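Read from first to last, the chains carry the letters A, B, C and D; within each, the first residue is number 1.
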Amino acid sequence: MSDLRVAVLGVGLMGADHVARLSSRISGARVAVVNDFLTEKAEAVAADIPGCRAIGDPLDAIAAPDVDAVVLATPGPTHEKQLLACLDHGKPVLCEKPLTTDVESALAVVKREAELGRRLIQVGFMRRFDDEYMALKEMLDQGELGRPLVLHCAHRNPAVPHGFDSAMVVRDSLVHEIDVTRFLFDEEIASIQIIKPTPNPSGPEGLSDPQIAILRTAGGKHVDVELFVHTGIAYEVRTEVVAEHGSAMIGLDVGVVRKSAARTQRGERGPGTWGGLITPGFRERFGRAYDTEIQRWVDAVRRGVNVDGPTAWDGYAAAAVCEAGVESLHSGQPVEVQMVARDSIKGA
Amino acid sequence: MSDLRVAVLGVGLMGADHVARLSSRISGARVAVVNDFLTEKAEAVAADIPGCRAIGDPLDAIAAPDVDAVVLATPGPTHEKQLLACLDHGKPVLCEKPLTTDVESALAVVKREAELGRRLIQVGFMRRFDDEYMALKEMLDQGELGRPLVLHCAHRNPAVPHGFDSAMVVRDSLVHEIDVTRFLFDEEIASIQIIKPTPNPSGPEGLSDPQIAILRTAGGKHVDVELFVHTGIAYEVRTEVVAEHGSAMIGLDVGVVRKSAARTQRGERGPGTWGGLITPGFRERFGRAYDTEIQRWVDAVRRGVNVDGPTAWDGYAAAAVCEAGVESLHSGQPVEVQMVARDSIKGA
Amino acid sequence: MSDLRVAVLGVGLMGADHVARLSSRISGARVAVVNDFLTEKAEAVAADIPGCRAIGDPLDAIAAPDVDAVVLATPGPTHEKQLLACLDHGKPVLCEKPLTTDVESALAVVKREAELGRRLIQVGFMRRFDDEYMALKEMLDQGELGRPLVLHCAHRNPAVPHGFDSAMVVRDSLVHEIDVTRFLFDEEIASIQIIKPTPNPSGPEGLSDPQIAILRTAGGKHVDVELFVHTGIAYEVRTEVVAEHGSAMIGLDVGVVRKSAARTQRGERGPGTWGGLITPGFRERFGRAYDTEIQRWVDAVRRGVNVDGPTAWDGYAAAAVCEAGVESLHSGQPVEVQMVARDSIKGA
Amino acid sequence: MSDLRVAVLGVGLMGADHVARLSSRISGARVAVVNDFLTEKAEAVAADIPGCRAIGDPLDAIAAPDVDAVVLATPGPTHEKQLLACLDHGKPVLCEKPLTTDVESALAVVKREAELGRRLIQVGFMRRFDDEYMALKEMLDQGELGRPLVLHCAHRNPAVPHGFDSAMVVRDSLVHEIDVTRFLFDEEIASIQIIKPTPNPSGPEGLSDPQIAILRTAGGKHVDVELFVHTGIAYEVRTEVVAEHGSAMIGLDVGVVRKSAARTQRGERGPGTWGGLITPGFRERFGRAYDTEIQRWVDAVRRGVNVDGPTAWDGYAAAAVCEAGVESLHSGQPVEVQMVARDSIKGA
């Protein structure tokens, strides 16, 4: 199967990240075309990627015959036209949020895609692909905690760019918790209230920050979200589901921490416990390390440099210590490790 | 730059993992050749991978002109001959541990590579590529904790295969902590003692399990390792460095937990603290989710299936809630969310 | 100084706890009088305590000349009359919450005490004496986190008695967070809203559970409280303060976990960290163990029983191992511990 | 029952702590006599405690007819003579470690007590009374983790006094882990080895620090202890038991953290989990807060000062908010809290 040829529209912060991702970490795809309203920027990005060219008009980029799929990282107001072009050309498109900047145009896009009878649009709500959110969703779907009742969220940014206003806290920050709510609860949201407490005196003047959002789902579930975009500290995203038979929290920097009633040996309900799952095996624990190891090795070999990982000497040294270890295993006594001096071997 | 063409020798558990990795998760490489002493197994693996063929003789696989680099996942006793062949052909090789099965042959391999004056061999000590070990190494190298003094390790397996004997605890399990010690301390190991406490009554008969290894580095640092290969519980690898100005532990399933003296606002030494670093920003927090999102999208698009991520309807729903949110931001009152019924749009 | 003679009014669950506390764990006080509307119950309690008698009328108990102070653990509706009697007799009184059962009578009590010009009444908001709440309050008062902005609380009971209704969730459960808010923020509460999400299907019929309380302080700070009185799991009380320069959470069963910006060696703002304080010394770490040790020893000695703590043999055994340890300290070799057989000493 | 009259011998750091404890936190005992080789120090301490006097000779203090029991906090070399005197007078004695300073005299004391046929001596191994150690011991005794196999300990002091030498690390620090081993395993220790790694360059010159102790119990169990008495950081005491079916660690500043295999609803072995027990109820969670509340109230009342806990105004304010809360419970709308102004009531 040949590589997927992708056009990336918009190569600002987010788009440039996607270009790097597709070029160096994603298997089976390559960036064939880039586009940006700053033509020179697009050309500079294209020049760094073998087999990639810049196209000045976004609609031309979408239409290009050597483009199989599109990543949209352009400003929101241009999305509607570009999404419709993707639909017209029958090209799959991954669209960074927002879908469009107002409800009517969003609905128009939904309807057009629906008429085609084929799902071509994916929206960039990336939390659905985060390990912790996926684990939380699976825990809920398996019914381990019973029916979910309440969702508590905190969404804190260290800082936001100049010009970020109070409405952007809703449209650009809260939008993630809106999708998280819909994803976790499989329900639409019926009402929303934004509470504006006394603002943080350390934050930018005129910005309502923090804000508290109170959502109610169609089924009557309660959701609250603390939005605090200028904490000066770090990026913290915490989500807790309170359910019929327990609760689970992610985002404490310690994985999924679960609280529930323990089971006794006979399956009866025991005392309440808190904690998480232990990694079951080495493939789960070190699978990512293997990926990193191999990717770095491949990269080094392709660049023609010496390997920068463990060397033959490292393998030799390990062998020498194991040898002594096995001897001590039998004798129970400390055993000196026998090794040649490294500098006796030029080049080792 | 064209993809690196890799020969994978040995397609057992570990080798098959590497084949899958190179084919679907690693960018810039593809598996060109596979080999196994079970010919049919190699052929079955090759049949699943476009452009891959099986070669019956491992040395022929190494020599093949369309092979740029080699991954060795064959049994240890065959490593020496295969490594020397790689060196002869000047081909980079990633060799699963052990380098070879005895010290003399390991040294011979080291010497041959040194004569070539070019680093071609990397040994598969994958812990050096694990996020936690890398963070620990960096912490030590930056001198934050002062000079390291002591290393405590625990290495626990839920179970090991039938036939795993007491010496294999040293050669196959402890070998990782041997490399971890050398990696973290940048020192050779000078002596080793294996202590055999009363064995676990639940373990296999005849197996010395747990074992305690006591290492001493050339510079006089102490290392102890609990090896326990039949716990019946889970895979736990814990490593704690005790250093001049603090200690740090990984493997508690909660990231790097550090203990050290805090600094006051004026840089003076404050009370002792425990804890870890908070994720600094969304790229660190969700970077991997973005990778997963894009990889899954690329895979889905290449297979020609509908996208399985967030849909246009999800984007529309978010827009509708944001709209109501901004209204509530101004009024302070709960606002009903206005949305069309999903089933009014066929195909949405 | 002679012991404080206390009258305990009401010896139900809470009152009986207070009787036990004053009799066996509190230094400098003794229970001189008990009273309960169930006369026999009071008499049974009195019979177990040396020098204690039951008095049938609560007002007589308050007035008794050998009563220095009063603990009120009677039902709320009787509080007003009993508190006023304590004020009339100038006797200090510790009154379990509520002060009284309605606002008007509570205000009347406040006014009467104020007229006396002497603080005689303490209300039983015991969280103010909890280590974690005290640590959190101190952290705020010292300004370490800057001005507090938002308070998130969860208050979960495994179950409540039959007959507990939706209003009792507010009056009996939420009342603690009401006091916590006022204690931590030093501000009155200006408004309150109770949200009733879809109730827990596993809970008692007719009970609004969980409930969400939204408070706003006089200074505009936001407080939200999840009240969930029938979780079936455990007792969980969690409180998080979000402040200008950081946040702190208690009640995770792991002590105070703090998130804030670290300081570099030169006092500059470093990366964000999470964690807690390490116990500074053995008196902090084991002070409570010493108290327990001594209390149990005193209790055992007074009852005339043999000590049940570490024995002379334990001291001897420790000495023998230390002796061998010091020898090994010099030789570096394992040293056998020399001890007489315990059964060679009859009675040891 | 009248209070136990205690003589405290030695009023240095530890003895003075015990005097304070017996006088203000321990119920049912009082300090009747104090003694110290610094006569003036003993007299100063006695002057502060009602009904307490200083006695110049420790043997006279033991013999005094108004002394029911003795606490020994004198230097180790004087213990033997003082313990024997306590035995001669048939007086219970709580003796700070060490029992005596050499094995022979320790054994002599054991024998003398055994001849009396009555347990009069308790040694001050206070860890046996620590909540975490008690929880760990109970967990082992209940067999939840199966038979214990290995014990890992870390014992770290921020600093030790000038003159603390390498042997004192064994005699004064390690002695606690020696008792912990015997307490947890119910076995004597058969051999010991002290390993001296390269010392901490930041520590006092000439001190072997850190030290590693390797113990082996009579039953063949392995114990290792890191002793590090000059870390410059904090006081850390960590103990991990590795057992047949799981392991448990205390001293992480987060309570008992357990790792074990979970049980499914049908009692089958599930995936490995880590975590701890959740507090089961409010008495467990806030019992200590109640003690503190009452003790502080008793102390304040006895000193004749105004109460310093929650006031009647606090009770009134809570009532006013509850009232509004119940109104909102019915209406679902925010309700303003109605309160009189505090300064309208003089003295409130």
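We take it that a contact is a pair of C-beta atoms (placed from the backbone, for glycine too) under 8 Å apart; a residue touches a chain by one contact, two chains touch by 3 or more.
Worth saying up front: this structure is predicted, and the values here are computed from it rather than measured.
Participant: Same or different interface residues for chain A and chain B, judged by whether over half of the residue numbers are used by both?
Facilitator: Interface between chain A and chain B is built from largely the same residues.
Participant: On C-alpha atoms only, rotate chain A onto chain D and read off the angle in steps of 5 degrees.
Facilitator: 180
Participant: Nearest whole angstrom, what separates the Cα centre of chain A from the Cα centre of chain D?
Facilitator: Taking the mean C-alpha position of each chain, the two centres sit 47 Å apart.
Participant: Nearest whole angstrom, what separates the Cα centre of chain C from the Cα centre of chain D?
Facilitator: Here the centre of chain D sits 20 Å away from the centre of chain C.
Participant: Express in whole angstrom the distance between the two chain centres, defined as the mean CA positions of chain B and chain D.
Facilitator: Roughly 43 Å separates the two chain centres.
Participant: Give me the residue numbers in chain B that touch at least two other chains, ranges are fine.
Facilitator: Chain B, residues with two or more chain partners: 158, 195, 214, 216, 233-234, 236, 253, 259, 271-272, 274, 276, 278-280.
Participant: Okay, in this complex, where on chain D does chain B touch?
Facilitator: Those in contact with chain B are residues 146-147, 149-150, 152, 154, 158, 195, 197-198, 200-202, 210, 212, 214, 216, 219-222, 224, 226, 228, 231-234, 236, 242, 244-246, 252-253, 259-261, 271-272, 274.
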